[in-house]
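The structures considered in this document are given below.
In the two complexes below, chain A is the common chain; its partner is chain B in one and chain C in the other.
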Partner chain A sequence: MELGGEKTVNGKSRIVLPLCVGVAVLLVWHIAVRISHSYLTPTPLEVLRGIAELIQKGLLFKYMAASLFRVTCGFMLAVVIGVPAGLLLGWFQLAFQAFNPMLQILRPISPIAWIPLAISWFGISDAAPIFLIFLASVFPIAVSAIAAVQNMQPVYLRAARNFGLSGGELFRQVIFRASLPQIITGIRIALGVAWLVVVAAEMIAVNSGLGYLIIDARNAGKRYDLIVAGMVMIGLIGLVLDLIVRQLEKFDEVRWGYASRE
Partner chain B sequence: MSAPAVVVRNLWMTFPAKRHGQPIAVLENVNAEVATGEFVCIVGPSGCGKSTLLNIIGGFVRATRGEVMVEGEPVDGPDPRRIFVFQENGVFPWLTVSENIGFGVRGKKEEERRRIVRHYTEMVSLTGFENAYPRELSGGMRQRVEIARALAANPDIIYMDEPFGALDFITRLKMRADLTRIWQSEKKTILFVTHDIEEAVQLADRVVVMSQRPATVKEVIPVGLPRPRDLDSHGYLETRDRIFHSMGMSLRIGENIA
Partner chain C sequence: MTLKRTVTVYSLGWIVAITLLHSVLNLGLFSARSGATTGEKYRIGFLPVTCHLTCPVTDFINKQQTGKSIFTPVRFNGWPELKEAFLSGYMPATFILAPMAMALREQGVPIKIVYLGHRDGSAVMVRKDSQIYRMEDLRGKRVAVPNRFSNQRLLIFRALKQAGMTVNDITLVEMPPPDMPAALYSRAVDAVSSGEPFMAQTEMDGYGRVLWLTKDVWPNFISCVLAVNEDMIKNHRETVQELVNGIARSGKWLDQTMDHRMEAAQFVSGPEYYNQNPRLLSFVLSKPPDRVKYTNLTLVRKDFEEIEALGLESGILKGTAHFEDYADPSFVTDENAINPWNWEGKKP
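And then the complex of A and B:
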């Protein structure tokens, strides 16, 4: 960031410009609601009051915690299983040939389609959304790990073999390290999808969380201000999650793997 | 006189046919020898198979027919006693300069390892860059890291496959001078592949000239010039011209040699 290139983006404009867009969106939203007299749609101010009400009732943080807990569990499970599985499938040709077609069939099935089965297996409990989040995130993670190993620069492998590495040592010190940048990209994509899925799953499969908040606000009294308040919180948390995972890409051990945006 | 470091006997290499293609004969009855402690360059037109030859000697590729003996043993895969320096730079980008240079001595005690790393970091003039990552270095510096990593592992032989090919002219000249100095102090056997005739004459004790594909050894030309080498001397120019002619090329642009 500090070196080279034309500085078209400076610190100030990085904050001021998005802020201007934000204010403009709120303004258009407010005016549009007023002009159209659509009584069901809340104005930004009503949404803000809705958020305040949720905080007062102690619901907001409780539901946020519930959603984040489920995402964390399902997502961690997907990382723990998806990364090693992807590395192995990327490395062992025969295993890849055997499993890849099945993977490609399961992958395009939206996790939402699994909701009925998930409920039938796990009932109305945390296990159902955790399972759905796991399904949603394990495929992008595994697929990125597979691709990372398969596209690895052969020269790293040859150098490692030259220095006498084999087996687990070769896997840990070279194959995993060489694949890590692409795996982290997969993890970022997976977390985004997981956050999308938790909301959908909570609308149907449980009775807590931000997704439940939205569906409950609609069913019990058509509180559209609370619905939009839930949506706003989902967006904000999604942004924060992405910012956190983005930090992983800044570690020196993986920075080489990203085209220099610095 | 000890046994030769590398002996290549009646070596043939044919790559199997790809779809709709013919099998490609790359090496045809190659014979060569490298003495212990010697600096030998292999030169030949690009695409002639000299890299393939080095890869076979290094144990990365298996020959179709023939024999490669390294230090009296047939080659069966890569071996840490002989380190390969790659054309495309095989330095690990996820490790620092120090960690890369110490990669081949992972088994050693921490103190010993640190001493070795310091020694070779100094030798390739990278002191001060120990904690830098390869992406922060220039191409020449990265190649020096790879050479230091090879030396630190204390191999008997170093194989180099056009290691300076991607560098600019000035950097290349400097790297050759450095490599000569290091070779003189470390007394390693070096087998060095290049398509650059000048480079071969500047570096080698002997130059193995290969033909077009399917490649065979056309001629082995001893350089026999004292080091440091004077690039203007009569002997230098004479040797260079001899290699040019051996490769069937003219030194005058535009003239055709039948």
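And then the complex of A and C:
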């Protein structure tokens, strides 16, 4: 096999290999529960039955829609604010010097720490979890946009100026486009983080969502099957979301940034 | 399609689709239940514990009898979120831990306790196979309590005192009640204490044993109370009166017959209220029948003075607020004047 073995991957193995790993994980999980005689940890089959129960009660799609709605709003807001803010801070050195320390102070604060303030500002509505998801995802996006502009190769700028581009045109035609591959990477990371905090964000007393499902199942007594069912669904949807964002990398506008691996 | 166009088209399509789905499935858009009536009602916070049982019972019986309820019960999953929502003004009334309400009053929050949620209804559980049979056996062991402002913590203080011990003889751990059964099972702690049904769950599942019920150590124990924002009392006294009457009637109804309790176990365990196993609630409400009580819920000064003293001793209260500051017992002065709901439930 060659190093960086993408060339040996064909369509079939792209599906078969992950499936094999999946089956192996399920087997190890099942056997581990059986051997340890764990009273609380559910087996994969029990989790599957839990998921079936959620579907039967009509809760699964309801909760999926709620979580996806909140993540969509929080994440989109983060993109709409984070990308332009990042580009501007990356371009204007003075603004970067002014705002960067504040950005670095706010960045490491976990969204969970914001929960009390989110409740007092937004009450118990969708706005509170959306705010938490926004906070979690805006920083990776802004930071990747800042880095993208700051690390841009000067040759693009020189060429653009030679063609007489300046101001808004320069920003739109060159700076934004040159930064796009790195911004997309930031967006991918941010979407992962946004989806990651959905459980914490839904700890606020909203009454729907996959995070709520997990917290509610804790209240419902010994329903660890539903807790793990919530975890599995969050994981599976996370996988789908990542696959969707990865499609963006196929566009020519982004693809050139990854050219070295082709 | 170009990147810009694809992203715009798909993003807009997705936002519209998921917003519609969420609105229809979760926010009740287009459903007959939404509308003006739900918007006008005030909210009451509660946790899915038997200490707060009169909240869903009042709501349910109201709906059965009149077709509408007087308030919207809002279920929380933990004390901090419930407290924060109350402080933010999201709901003007809530079921809350008595010492927490008293501490909030000390901190200047305009909160008044207007009625009790229950009496008794807590326990200290140990593992069935442990060698712990008396309070003294807990020496050097780890004991979980729900919150520093919980009366269960004060209960442990009181039991320690009765056994001639102090809090330094054990290790107290704060833990959300839903996590306690698993913690006891996995021996992460040696004893757990919280409101029901989380204690009964360990018993029902076969690994927990009652060390003592609250009624054995602190008869007529109070853990949770109904508290209302003072503004609501000033501006809408008749609404608060209607609420307290409803809660009081529900308490009397619950203690009237065992059939009523079993009926409540069924409807309260539904997804709208507790979302728990009905068998668990039936167990708590019947084994033994006086495990938790819902009568004798008027506010009595000496009960609260006892909590005040213990709260001061354990460091959670400063002693700056007294009964007249945090309590308003005027809504129900004589419980005998209150009649239980005249509702026999849906007989099987």
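Methods note: the second predicted complex is superposed on the first by the 250 of 262 C-alpha atoms of A that agree within 3 Å, B and C clash if a C-alpha of one lies under 4 Å from a C-alpha of the other, contacts with A are read in each partner's own complex, and residues count from 1 in each chain.
As a working rule, a residue touches a chain if its C-beta (ideal position, glycine included) is under 8 Å from a C-beta of that chain, and two chains touch if they have at least 3 such contacts.
Just so you know, these numbers come straight off a predicted model, no measurement behind them.
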{"item": "First (chain B), second (chain C), both or neither touched by A:Y156", "value": "first"}
{"item": "Partner chain(s) touched by A:A220 [first = chain B, second = chain C, both, neither]", "value": "second"}
{"item": "Which superposed partner A:S208 touches (first chain B, second chain C, both, neither)", "value": "second"}
{"item": "Partner chain in contact with A:F69 - chain B first, chain C second, else both or neither", "value": "second"}
{"item": "Which superposed partner A:G164 touches (first chain B, second chain C, both, neither)", "value": "first"}
{"item": "Touched chain A residues, chain B compared with chain C", "value": "C"}
{"item": "Which of chain B and chain C A:P116 touches, first, second, both or neither", "value": "second"}
{"item": "Set of chain A residues, in rising order, touched by both chain B and chain C", "value": "180, 252-254"}
{"item": "In the complex, chain C residues that touch chain A", "value": "2-3, 6-7, 11, 14-15, 18-19, 21-22, 25-26, 45, 48, 74-78, 80-82, 84-85, 87-90, 176, 178-179, 181-182, 185-186, 197-198, 201, 205, 207, 271, 274-277, 280"}
{"item": "Of all residues in chain A, those that touch chain C in their complex", "value": "39-40, 57, 59, 61-62, 65-66, 68-69, 72, 76, 115-116, 119-121, 123-124, 180, 203-205, 207-208, 215-216, 218-222, 248, 251-254"}
{"item": "Chain B contact footprint on chain A (complex, rising order)", "value": "153, 155-156, 158-159, 161-164, 174, 177-178, 180, 252-257"}
{"item": "Residues of chain B that touch chain A when the two form their complex", "value": "58, 60, 77-80, 82-84, 86, 88-90, 92-94, 96, 103-104, 133-135, 153"}
